[in-house]
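Listed below are the structures to be examined.
In the two complexes that follow, subunit A is the common piece, with subunit B as its partner first and subunit C second.
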Partner chain A sequence: MGDIDQKIMNKVIKIAKKKETNFPESYIDDIAEAYVRRELTDKELETLITKVKKAYERSKVESGEAIGTVAAQSVGEPGTQMTMNTFHYAGVVELNVTLGLPRLIEIVDARKTISTPTMAIYFDEDHRFDDEFVKKTASTIAKITINDVLDDFHVDYGQMNVEIVIGPEKVKEKHLEFDDIILDIEKSFKKHTIDIDNTKITIAPKLDKRNKSGIQIRDIRLLADKIRDLQISGVKDVIRVIIRKDEEWVLHTEGSNLKSVLKMEGIDQVRTTTNHIHEIYTVLGIEAARNAIIKEALNTLEEQGLSVDIRHIMLVADMMTADGTVKSIGRHGISGTKSSVLARAAFEETGKHLLNASIRGEVDKLTGIIENIIIGQPIPLGTGSVSIMMKK
Partner chain B sequence: MSNTKIYINGELIGTCENPEEFVTEMREKRRSGGISEEMNITYYDKTSEIYIFSDPGRARRPLIIVKNGVPLLEEDHIQSIMEKKLKWDDLIGKGIIEYLDAEEEENSYIAMGFHDLNEGHTHLEIDPSTMLGICAGIIPFSNHNSSPRNTMEAGMTKQALGLYVSNYMHRTDTRAHLLHQPQTPMVKTRIIDVTDYDKRPSGQNFVVAVMSFEGYNMEDALILNKSSLERGLARSSFFRSYEIFERKYPGGQEDKFEIPGKGVRGYKSEKAYKHLDEDGIVNPESYVESGDVLIGKTSPPRFLEEIDEFGSANEKRRETSVTVRNGEKGIVDGVLLIETVEGSKLTKVRVRDTRQPEFGDKFASRHGQKGVVGLILSQEDVPFTENGVVPDLIVNPHAIPSRMSVGQVLEMVAGKAGCIKGERVDGTPFNPNMETEIKKSLTDNGFESTGCESLYNGMTGERIEAEIFIGVAYYQKLHHMTTDKMYARSRGPVQVLTKQPTEGRAREGGLRFGEMERDCLIAHGAALALKERLLDESDKYEAIVCSECGMLSVHDKIRNKIYCPICGEVDSFPVEISYAFKLLLDELKSLCIFPKLILEDKA
Partner chain C sequence: MKKDILKHELVPEHNILSESDKKRVFKDLDCNQNQLPKIKITDPVVNAIDAKEGDVLQIKRKSDTAGTFITYRLVES
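Showing the complex of A and B:
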């Protein structure tokens, strides 16, 4: 609501300050909007703010509430209903995406390599409906190897060389230039003799000091594979691109490389995204990673028809990203780095933690839940979070 | 085309050039008796492999061999079988019937019935229901049931009480159940005939009404007619046998069956021995309860005893009697006095307990429809039909549609028709012409062909507005009974090591307050309720902690002094901890780790 007068905004902020509220900014915006829309008097505005304050404070979580356990139960219980079968589709039929429980586990484990990375690439306003541009971009993103433009391929064990014939039509189809391909080949096979005869290219290993014994058949075979798999175009790690048009053109990819794609021209940097959380963290930072965790986890749950309150997942994401890196939930992440020895020992690798604690002479302050359960004291939570203060 | 590999019992034995011919020849030889009929051979053309199996443990089933679309079993064969001239083994010997294993079935084209036969068929089913085993074969109209229900029933038949053996009175099974008046099912199948199920049945025919009744049969509960039970319906006996022998110990000492004297170590109470006869063994037909001694026995002392003032070793024998199990009772059914191989005296005592159905006992029909007793209703209050028929059992209509056990509905109609006609009905699956016959016999006797009738409320006598489906179904009493499972504990024994309550009903254990239950109390913030469960009601322990070094102090009870093993007599304070934590501290100490407890004033 940018069209609300700054004067009115200031007025609302002033009254809010007077009432000792600490609303989020969006509340102020909403109140200001209501003030204008309903044509409230100043007195009514004041009552409104008082009432909003009351409702806001009532809905806040009370201190001593076991939000972590409640969040765990709220995610865990629907999780039991999630089927292990990975239904491989997500909006785009041709694309296989891990979903369901395996995906959820992947998210909370904060994996560095995920099983099915995928991107959704959007275009900026100028190119959103530009068919030609979208198709061209798609072909530059998609991985193309020599194998895709071959007309003929032949391994000659007599001459000990590899003969390839590049099809000009195929090259054109892929929006490539023949000369670029030649350049790529020359660059990649500097140590080989390359003989170019129109579209026919013959590549043979050079005899040098190292392989005195001559060229082995194995070398030729390896070379043949290498030539076929040589990438001549496309973004690294992106294997396939699927073009979709719903309201506008969108590219879905198999494989993900956010950094390179965001650099490309005509791309909407705001909406283009990937499902690879660690990549988002390295490219866009920790806040983006937090939002990505929330979005991905919530989508995974919703896709299975389960509704979990977003605040539970926000808590999970906050815990995972609180120290500036993406930590997993589990042995190597949150549970494994708790401050209490007893809590860590109770979780996993009991011996290791007890031993290390004894070597370092760690002191357990018994401030957590698990420690206090182990030693048999009331937990510092809920009814146990209150105690008597003595006058000195 | 490369040679086909031949495997015998999974081992590569050789190759062959013309597999088709080879396989046919092998089969011919098996049929003519040249090779054992236990051999099965399969040819996989896709992988060009031949598998020959002859090892034990394969599931095989008999089929009629078909040649050129004509089954080899002919009319005169059947005639001679009827005249008992031809036997099963003869049919196999003549190569008319052969057994196939799962592997060879892959090479076969089996016709379900005579009418389906065509040129391509290699085999013909003897009867479609032969593909069912013993348990599944007992289900009538199983072709009308959903498959999970048939699977469940096949499992439950094994749990049904019945006449499990006919020499049960001479046996001493540790545990045995016996149904008092087993009946042969009104609706039978051909497999029931073949397996002689009628000779040792495991259920009774119940008159079943399908209706709700005051909500007491919600969620698969059953309502039983009390008068039916008093007439002996679903009544059973439970037998438990106890046995022990006089063990001989090195050194010439041995156990002795006797009424233990009062001086014996571990003497129970006089009351516990009251059923014992002079020989230290109970008399048959005496009523015993848990804790009562069945076989009185004393054993020689385990270690050399302390020497008394006269200088002779005081022989104080131990009490090692056999008592009735905790929570069980019964009447001594029989006492057996025999000898072990070594020549020691061996005694077996069998205790019998009558089990009249009670709340929570489990019953099941033959269609995977299981439930527990939810109400035992006096006959006066049970709805009745116009003819005055009162059902034995009332099941909830919600049990039927979602489970699609249509076989139960058919069984009930067929059972009803059979009862009216006074003859048993055949309910073999895949028999298509049953329906009309059953319907006709119902209508002939003035019933509705659907099996529905008007019922009258037993309490008010009013006619129930809806027509109630009522029929006869065979119900089985399953061996999950309330008396065997009912349990509660307030205080009781604890484990020696952890001082936590023991586990399990047999050990009079506590009910576990598990991890997830713990999480729930945490989530509620019920800190003190949680502490009560996990500490006060479990392994609460008052440790005395040395204020100087933080180690546990020692309380010398004789001198009533508290001291620290390291610091001596310094200030020590009592701290309430769990015994498990004390164990953890001890274990760490044993690993040369010194855990210290730092004390501070509790606010």
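Showing the complex of A and C:
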């Protein structure tokens, strides 16, 4: 579309309306495109629309069709062909990302913690090709601990303190300020005595109620570890940043924190994304999560060379996001929270569901498939979905 | 700041329906509002467009199969 005249579009829409069709937008585009390319006459256009309408109506899913079952089979069968576990790259060789079956299970289970969260960070128009800015941003995103800027590190068991020497060159290299580091240390070790002598910092635990019998060696060791691991710069949860240039600069990260990154300056707030669906849900909302599920599931399948119709995946995503939260498929999600007791009992944890239902006095309306199979009635599917209504 | 997320490519256009639009939509779809998919009142997009509980949001999804697809969600707590 786009290059097709709006006048032609309106004409197609008008005729389509006259023929009482309710074509989706993509059909209108395709018809308009064919009309221009084939140089159709108005009469031919009308015939085309009539024919398309017929084909469209024929290809619609009938009511009562078991689309859920078909979707399950259509995703399940290619799933058997997927490699059990592939640790692979996602366009970036240095970066490992879970793919294949484990990733698909992760998506469908709506995990809150995923095994390899990663972000793709893009830059806005002003900074897309600004090498210096990109490098600087990359260094502010990546996690930097005290350990990365140390020149010397010494645990003194005689004096019962920890002595660190910060290297000014290392600080400069990482685009940091020496004073900020001192401030961070002072803030994090308020309960300790801190002695600063130029770049040499000595930190010792104070005697208080808890350790009035004297400071133990263990305390010093723990303190040493804590100092080295103190994060002085970077976004929380982002462990590593890889800078790549294709057509423009892109940052790939190990670890993900979309919320903080989107707030940063110079970041493209349109395209910057993560593979962590739960994070997308909390930052961008349920509709974005739905889109992310579709995108991630489809990419995982495509990467393995499998093609599943997007409609099946859209159905799965719609079910997962129907109640406003991202629900998993399975015991704690869609199958486990069905309204029918018998359907739940047939799936997993039979005893638990039947017991709880009997305690609460739950009623099963027998409107679903599984319940009706259990008690031996015709199921409400296809031709079974019609029933008789009494005339008043 | 809170409106920034609406620009993101993963976020489709959300609009709050007026009362008269609501009536028309429910008549067209032949359903009531409790049958619609839900969206939580705590959802960042609901917050960004200042929707209230009980509002119906019209969502214009970009779809690979249909071009643009219009759907609705009910704001609930």
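Simple rule for what comes next: the second predicted complex is superposed on the first by the 329 of 392 C-alpha atoms of A that agree within 3 Å, B and C clash if a C-alpha of one lies under 4 Å from a C-alpha of the other, contacts with A are read in each partner's own complex, and residues count from 1 in each chain.
By our rule, a residue touches a chain if its C-beta (ideal position, glycine included) is under 8 Å from a C-beta of that chain, and two chains touch if they have at least 3 such contacts.
No experiment lies behind these values; they were computed from the predicted model shown.
Room for both subunit B and subunit C is found when the two structures are superposed via subunit A, with no clash between them. Vertex at the C-alpha centre of subunit A, arms toward the centres of subunit B and subunit C: the angle is 120 degrees, rounded to a multiple of 10. By the touch criterion stated above, A:Ala138 is placed in contact with neither subunit B nor subunit C.
In the superposition on chain A, contact is made by A:Leu354 with subunit B only, not with subunit C.
Residue contacts after overlaying the shared chain place A:Gln73 against subunit B, while subunit C stays out of touching range. Once chain A of one complex is fitted onto chain A of the other, the partner contacts of A:Arg311 are limited to subunit C, with no touch recorded for subunit B.
By the document's definition of touching, neither partner reaches A:Leu251: not subunit B, not subunit C. With both structures placed on the common chain, the touch criterion links A:Met390 to subunit B but leaves subunit C unconnected. Of all C-alpha pairs spanning subunit B and subunit C in the superposed arrangement, the closest lie 22 Å apart. Common to the subunit B and subunit C interfaces on subunit A is no residue.
By the touch criterion given at the top, residues 24-29, 262-263, 269-271, 273, 280, 282-288, 291-292, 295, 310-311, 314, 318, 321-325 of subunit A touch subunit C in their complex. Of all the residues in subunit B, the ones that touch subunit A in their complex are 518-520, 522-528, 530-531, 534-535, 539-541, 576-578, 580-581, 584, 588, 593-595, 598, 603.
Against subunit A, in their complex, subunit C makes its touches with residues 1, 4-5, 7-12, 14, 37-40, 43-46, 59, 61, 63-69, 73, 76.
Subunit A contributes residues 64-66, 69-70, 72-73, 354-355, 358, 363, 369, 373-385, 387-390 to its touches with subunit B in the complex.
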